[in-house]
Amino acid sequence: MIRVPAGPGGRLSDAWRSCVGTGRLDLALRRDYQDSLALLQRDIGFRYLRGHGLLSDGLGIHRPYEWQGVRRTHHSFTYLDQVIDACLGLGIRPFLELGFMPGALASGEQTVFWWRGNVTPPADEKEWTGLVRAVLAHLVDRYGADEVRTWPIEVWNEPDLPQFWQDADEAAYHRLYEVTAHAVKEVDAALQVGGPALSPAADGWLERFAEFAERRDVPVDFVSRHAYTSGPAQHVPFGVHQTLAPASDLLDQFAAPGRVLEGTRLAGLPVHITEFNSSYRPDNPVHDTAFHAAYLAPVVTAGGDHADSFSYWTFSDVFEETGIPTALFHGGFGLLTHRQVRKPTYHLYAFMARTGEERLARGDDHVVTRHADGRVTVLAWAPVDETGRTPGPDRHTVRLSVPVGTAPRGEAFVRRSSVDEERGNAYTAWRHMGSPRSPKPAQLDVLHEAAEPARGHHRLPVEDGRADLTLTLARHEITLVELTPLVDETPPWWDERRLLGGEAP
Amino acid sequence: MIRVPAGPGGRLSDAWRSCVGTGRLDLALRRDYQDSLALLQRDIGFRYLRGHGLLSDGLGIHRPYEWQGVRRTHHSFTYLDQVIDACLGLGIRPFLELGFMPGALASGEQTVFWWRGNVTPPADEKEWTGLVRAVLAHLVDRYGADEVRTWPIEVWNEPDLPQFWQDADEAAYHRLYEVTAHAVKEVDAALQVGGPALSPAADGWLERFAEFAERRDVPVDFVSRHAYTSGPAQHVPFGVHQTLAPASDLLDQFAAPGRVLEGTRLAGLPVHITEFNSSYRPDNPVHDTAFHAAYLAPVVTAGGDHADSFSYWTFSDVFEETGIPTALFHGGFGLLTHRQVRKPTYHLYAFMARTGEERLARGDDHVVTRHADGRVTVLAWAPVDETGRTPGPDRHTVRLSVPVGTAPRGEAFVRRSSVDEERGNAYTAWRHMGSPRSPKPAQLDVLHEAAEPARGHHRLPVEDGRADLTLTLARHEITLVELTPLVDETPPWWDERRLLGGEAP
Amino acid sequence: MIRVPAGPGGRLSDAWRSCVGTGRLDLALRRDYQDSLALLQRDIGFRYLRGHGLLSDGLGIHRPYEWQGVRRTHHSFTYLDQVIDACLGLGIRPFLELGFMPGALASGEQTVFWWRGNVTPPADEKEWTGLVRAVLAHLVDRYGADEVRTWPIEVWNEPDLPQFWQDADEAAYHRLYEVTAHAVKEVDAALQVGGPALSPAADGWLERFAEFAERRDVPVDFVSRHAYTSGPAQHVPFGVHQTLAPASDLLDQFAAPGRVLEGTRLAGLPVHITEFNSSYRPDNPVHDTAFHAAYLAPVVTAGGDHADSFSYWTFSDVFEETGIPTALFHGGFGLLTHRQVRKPTYHLYAFMARTGEERLARGDDHVVTRHADGRVTVLAWAPVDETGRTPGPDRHTVRLSVPVGTAPRGEAFVRRSSVDEERGNAYTAWRHMGSPRSPKPAQLDVLHEAAEPARGHHRLPVEDGRADLTLTLARHEITLVELTPLVDETPPWWDERRLLGGEAP
Amino acid sequence: MIRVPAGPGGRLSDAWRSCVGTGRLDLALRRDYQDSLALLQRDIGFRYLRGHGLLSDGLGIHRPYEWQGVRRTHHSFTYLDQVIDACLGLGIRPFLELGFMPGALASGEQTVFWWRGNVTPPADEKEWTGLVRAVLAHLVDRYGADEVRTWPIEVWNEPDLPQFWQDADEAAYHRLYEVTAHAVKEVDAALQVGGPALSPAADGWLERFAEFAERRDVPVDFVSRHAYTSGPAQHVPFGVHQTLAPASDLLDQFAAPGRVLEGTRLAGLPVHITEFNSSYRPDNPVHDTAFHAAYLAPVVTAGGDHADSFSYWTFSDVFEETGIPTALFHGGFGLLTHRQVRKPTYHLYAFMARTGEERLARGDDHVVTRHADGRVTVLAWAPVDETGRTPGPDRHTVRLSVPVGTAPRGEAFVRRSSVDEERGNAYTAWRHMGSPRSPKPAQLDVLHEAAEPARGHHRLPVEDGRADLTLTLARHEITLVELTPLVDETPPWWDERRLLGGEAP
């Protein structure tokens, strides 16, 4: 029995809700995308949204033309404004990523993804910086400088990987960063620019980025990198399997920029993990499982100790990097599938969103918080084999002595919500019903029902201001328990035994 | 094991969804009322709605005034139109009840209910028939004759009870019926008029109503009466307890008009049970229980054998006959509480709404149906002590061999939804949380969650086109089972054992 | 031509949007009420809502009962919570008025209004203060002390009139005020309590209220009174006609408490005009007219100079003091009719809601403001014969030199919205269509269209940073003009003459 | 004065609402698309929706893969089901067009449009017919055969143009048609298949299609072709100008298939004009003008005399054939711009949707209809210079003697809605405000207001059951007039002169 202190505790960092990832920005024009985002914001409430494709041809911003024999450029915001309007309308702000290269401004033909993002340097640096300035000046004009100054602006994505930046040419990236950062600051010196948005295994790049920034006196307002734990992909049609490193590796990766940059001019800057997940593949079934939620629970609850934000990649399966998904469950990154079916990891975030501001206790398998109104919340999870090679234990027990309310004696009302291999698990229901690739409406109803966490409620005695809580967790369960002091308004004349069909005295 | 025939079966009567009761009509102006009705129509879909108060002062129709020294009358439809517009907009039609008496047209002061419906005969018969004609002519003008001809028009309510009709004066009721029926037919001979809307124990009235109708050649298009099974009330503050007769008494009561009217001119007319419930009191806690759903299950599934409609009194706790309710659960008639919490009997109706058109089997504890698309649905319920004096059995088992689909072999996907003393039972949750009279928002969330039926799904083998279904029911459980042939789209390369966190081979 | 200074101007008081009146509180349960309030809040955005009936039987709070031979009282919040939840959900807070007397606590039978509010003193002072404490303690528990402290609490309504307070017994009111104010403060000393909610012609009462408050050292956090300008009623069926005093009388009345209380202990307290309008009758057709909007324009624009709030009585025709309205337009107080048709005075408020924070100029027929983003807004109105005995002038011209934007030369885009006897005037359309008492859906469509202000737009040249604006107003017109500097994005290749159907060069 | 007969008249064909065109089908996933479609269906109510791209890669249906060394194909309906669900949910059915070629099934690289639809024949005919069968079998399984049998199925688009079908190879098209039609019928013989979806100037193809169909005994259930009246394009950046043929040419084109096919086996088949418009370019500003509505008015009102459907190409500017639009108004085909601003031609259709079922009269500048409920509606339009080279007349008058209601004498209430160069014309407002390419929210508000037709209402005397209606139309005006007999409910005591601010007697 762990005795949870009655407090006062420290503040639980909410870095976990700072940012979330998304498929390319023009997908935000879709209705299912916006419906999914609305659900997400109702249940979780992220602050920022980051995705690729801001400058790619799918948003149609960079539009050269010829007039009177001269090449000129329109900057067109028909779609961008729709995307940003939709996000702000749903209470989430953009975390801008400047990339990829517009086709007509590209120096080469190399593209990444099914949707063909061009990853080559600009053919004309002036036209590129003109584009950057035009986009930011437009945003400031439309949304106001006070607003846009709160939007981080990241230069490119994973330039250390040759599929995302031609030849992974480091000098070319530094050059791109430098001219871009200056272009941003020309629009408004208070805009926040940063990078270098590295992939997980590129800490050498980070050191050299710091040297470069110092040497060239380039503005850097934050530092960003990504974090994943999956090994090499073994392919099957429309999917992969991968090995996994322990989830704690993610926390190490979150902390890496701080370690690497110590002593440099970039030390102390905000660190944004602008993408993280277990597998970096949008077709790995691990993303759909209860195992995944339990695997990530210690990361989501503790990540704020190591970084200013860590952005789950991505909130929805509306995502097309390897093509249009061929089945409802296809191992997509999403917290939500198409059709807004909630996955177990969605519930991990939704449970986090119901924890309190004050952290009373944290352990290997739980975190206990208190809300301003006095409610106490326990989020607990079953331990997993972090490699995923064997199932976690059948049963796991968490025992806590929890401070409840202000009265020394009485009762607590306990409400519990759980997700595991069977409960709150639409993936399992989908497998049961024969893995229908494009489910019919009645099947979608079943899946939405199955995605609902199991709910329970009971009373516990309170003695000395405490309730003894024993939680038995099923395999790969995550569970949220909320305790409130019970106020009994049952009138004195109420006699349960007089209720028809009730127990005799 | 009961062998359910593969059909073809007969049609399952849907008289159960023909009509539902409501508190007085001006309550339909309320938002919670309309929200409740919208939910009801989404999940159940009743065809007609019947309530008191059409002509009472709360709708403000009858409006005498003096002008140039002469008394005249406006008929004002400000509120009535809002009420009917709202109903039709939600896909439900009015079952009109002509009553009670406008204050300024009443011959006496006697009123019924907290909201004071005047129950005395008209002071001026001509003004009364003028009112009746004006109302119907207005409805025909606004909604069209084709539409209004589908709305039954009932003359008064329970004239055999002195609290509803001064002195229960039978001759006066016959007179009222006669002039009213003729006034209705003057507007449009194809309008349907009927009565006498008797309380349960008044079959003598019914015989005499038939004689009167024949003798005076009065139009009667349908016959109506009510049905309840509760005994005398034992009062506690804001509530009562009552004994109950067996539910089968309700079926007898439904059948009574047919028996009584045999051989009269009214034989063969549609019979509408324009109110039914267990207790006739809006403050008897039995209405809130799982017992109640199980008690009524045989009535709702079989009532259509005996009457053309039987209208559950009432759909919502938005109802004020004994005053404004003082607690969320207060024994109200409603299928829904205030704030749209679904009671077990709501689920009985919602389960009925998911049964198929073709009846394959019916027994003491189940009915099996098939949908046009081939799905088979089993609605089953636990037996109850119909007096409610002792609890029903802890466990009850229903065993059925069910025909599934057209293929001789394979598997069926089975989806089950259940409501009992603990599951799908917001009343139990409310008691657990201390019976909060006006729950806070977070408590309402818990209640809405608790009102969700328990859901489960599994697969069953199909042999010779049949699945063997064994249903274990908890105390007072009602359960809905839907079986569909399973189509397995799992791709050949799928290997469950490769799923991280999954079972080893 | 009036030269509007370029600023900086002072702040335009927004006391006009501080509060608005409503029919009795239980009407807030209605859907049309909530739909109307939602529209109001979208277009105008009032901060507080004040109405009668908080403690009357229609909300059902005070509920005595007998148990074990003893009389006790439940305080029941079933409806109150729904009402407050709805208001807060629509972004408006309650301005609480403590009254009238619950039937079971009343010392007499006297009632006011069709809905019978009891206006007699409490039969038992302790039970009354218990009720007051219970209501406020409940509100604090449910909504939090921080929230409820922002809600003014007014004791009773117009005690100086015998129809609102039995015998207009001043001593009895002082006694009521004293025990009530203390009861409020017992719950939370930071709650704001005030009164005496006087009718217009009772300044003597105000002086004596100040003396009483000082003498008895009673808490008073604000002072309230009402303001109306209508003379005696000449009745027709379902309506009245009245004479009017000039609108400037309203401003005098707003200022009266400040004058009267000078030198007393109550000097300097916030002054709330908790009701104002032209006529105090809910059946005077003046409320429906364009004349009314033009009559009130100088009051709404200048009232904030004289009082901390002045609450238009009332926002909607959903109101039943003289009975249920018998026609869509019936001279109700509402800014909106039933069915949400906007009246001219609604537009006066909606126009005010689009003015800027900075006041650049104000005259007899206009007020000019600037928004934080630089837009300049002119609200202008035609002069009226304030007695209403003759129509205002056919045409009225307002000429202003308006500062626009920051560039010395260029063009301004001018958007104008107008309401007058013909335009933006559903009342006129309703008269044209034959005054249908309960309009059919197609007629309601016409009325909603007709209620839309006339819109126009054009360009004006800007010279020396100014545009010369000449506004010609029709009889009883109110008009809103918004000027923005024009940014011309027409591309250089655009040739209007090439547009098919366009003007030849 | 034209005397409109009192009837009975014939039925007004509603072929005009049978079908409407759309940008490629995957755009239907977008929120703005669905919002636009919802608006369209509310105001107009088309029955079918036809667009390109069903089989193109953007819907992701044809998905080859390799497994165990063998090439296989998944048919994936993730997006298609979303698209069809959305359409049916909004009350519009698909008019299926089978094309273009999936990339992995194409025999060549040639594509059409910015979004790269492949226009080459299938590399493997069996795989193509497998794809066709799979799509239709899936639709039948999901939506039911009864439903899908109502969806016309058209083979390819404009095969007579080399940009839409490689080399405009006629024999190859006949081959494609033949195998495709048989594949469709294999799924269900009652599905309706047709073609050849010709461009305007290809009547020779139609003759040969008939010969081919007869010779090869190929199923043809309907015949389709397109109709446009524009001449060659003169380019400016992001736009074109074109000359126009008279609108009556469109009616000739609608009638062409009937003429050409006379005497062939295809004579008498339904003729569907599966695309029509003035200009065939999505960047011709004519589409945005009032001229356009007046130009098309005689076509939309009379087209049903010549074809079973004629589908306006397209309902929305959400359309990307020449790229992502660079300005709100850009000459797109849409009845609606991005952001749901209604163009004049939208109103032409919305006015048509308010005409009655019975045609009383039709002339060069008007059509008069009567509704089942007796309302009479006049749709009138100003004449235009059909070449668009000069503006239409300043003023145009239409004089009609219109039968109104059943009473010989009385008054008519007249409601008029108008759109012309200034009124109901967001394009003009947009030009006034400087042609903002991506308008800010406040500018969009102005545009939505400006797009509202001008509304007016007055009374006309009725004599001998007729009202004399004189309509003065502005340049390029279209106007809708609705006449209803006036029922005057003004009470006898009403004296307009007593209204404050009203005219003295």
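We call the chains A, B, C and D, going by the order they appear; numbering starts again at 1 in every chain.
The working rule: a contact is a pair of C-beta atoms (placed from the backbone, for glycine too) under 8 Å apart; a residue touches a chain by one contact, two chains touch by 3 or more.
Since this is a predicted model, take the numbers as computed values, not measurements.
Peer 1: What is the set of chains touching both chain B and chain C?
Peer 2: Touching chain B and chain C alike, sorted by label: A, D.
Peer 1: So using the touch definition from the top, which pair is joined by more C-beta contacts, B-D or A-D?
Peer 2: A-D
Peer 1: What's the distance between the Cα centroids of chain A and chain B, rounded to whole Å?
Peer 2: Inter-chain centre distance comes to 47 Å.
Peer 1: How many angstrom between the C-alpha centroids of chain D and chain A?
Peer 2: Taking the mean C-alpha position of each chain, the two centres sit 43 Å apart.
Peer 1: Of all the residues in chain C, which ones touch at least 2 other chains?
Peer 2: Residues 67, 237-238, 327, 437, 493 of chain C each touch two or more of the other chains.
Peer 1: Which chain C residues qualify as touching chain A in the complex?
Peer 2: 67, 492-493
Peer 1: Show which residues of chain B lie in contact with chain C when the two form their complex.
Peer 2: Interface residues on the chain B side: 29-34, 59-60, 63, 65-67, 74, 76-82, 85-86, 142, 236-238, 323-328, 338-339, 437-438, 440-441.
Peer 1: Touching residues of chain B toward chain A in the complex: what are they?
Peer 2: These residues of chain B touch chain A: 236-238, 241, 244, 285-286, 289-292, 294-295, 327, 384-385, 387-392, 413, 415, 429, 431-437, 442, 446, 449-450, 452, 455, 457-459, 476, 484, 486-491, 493-494, 496, 498-504.
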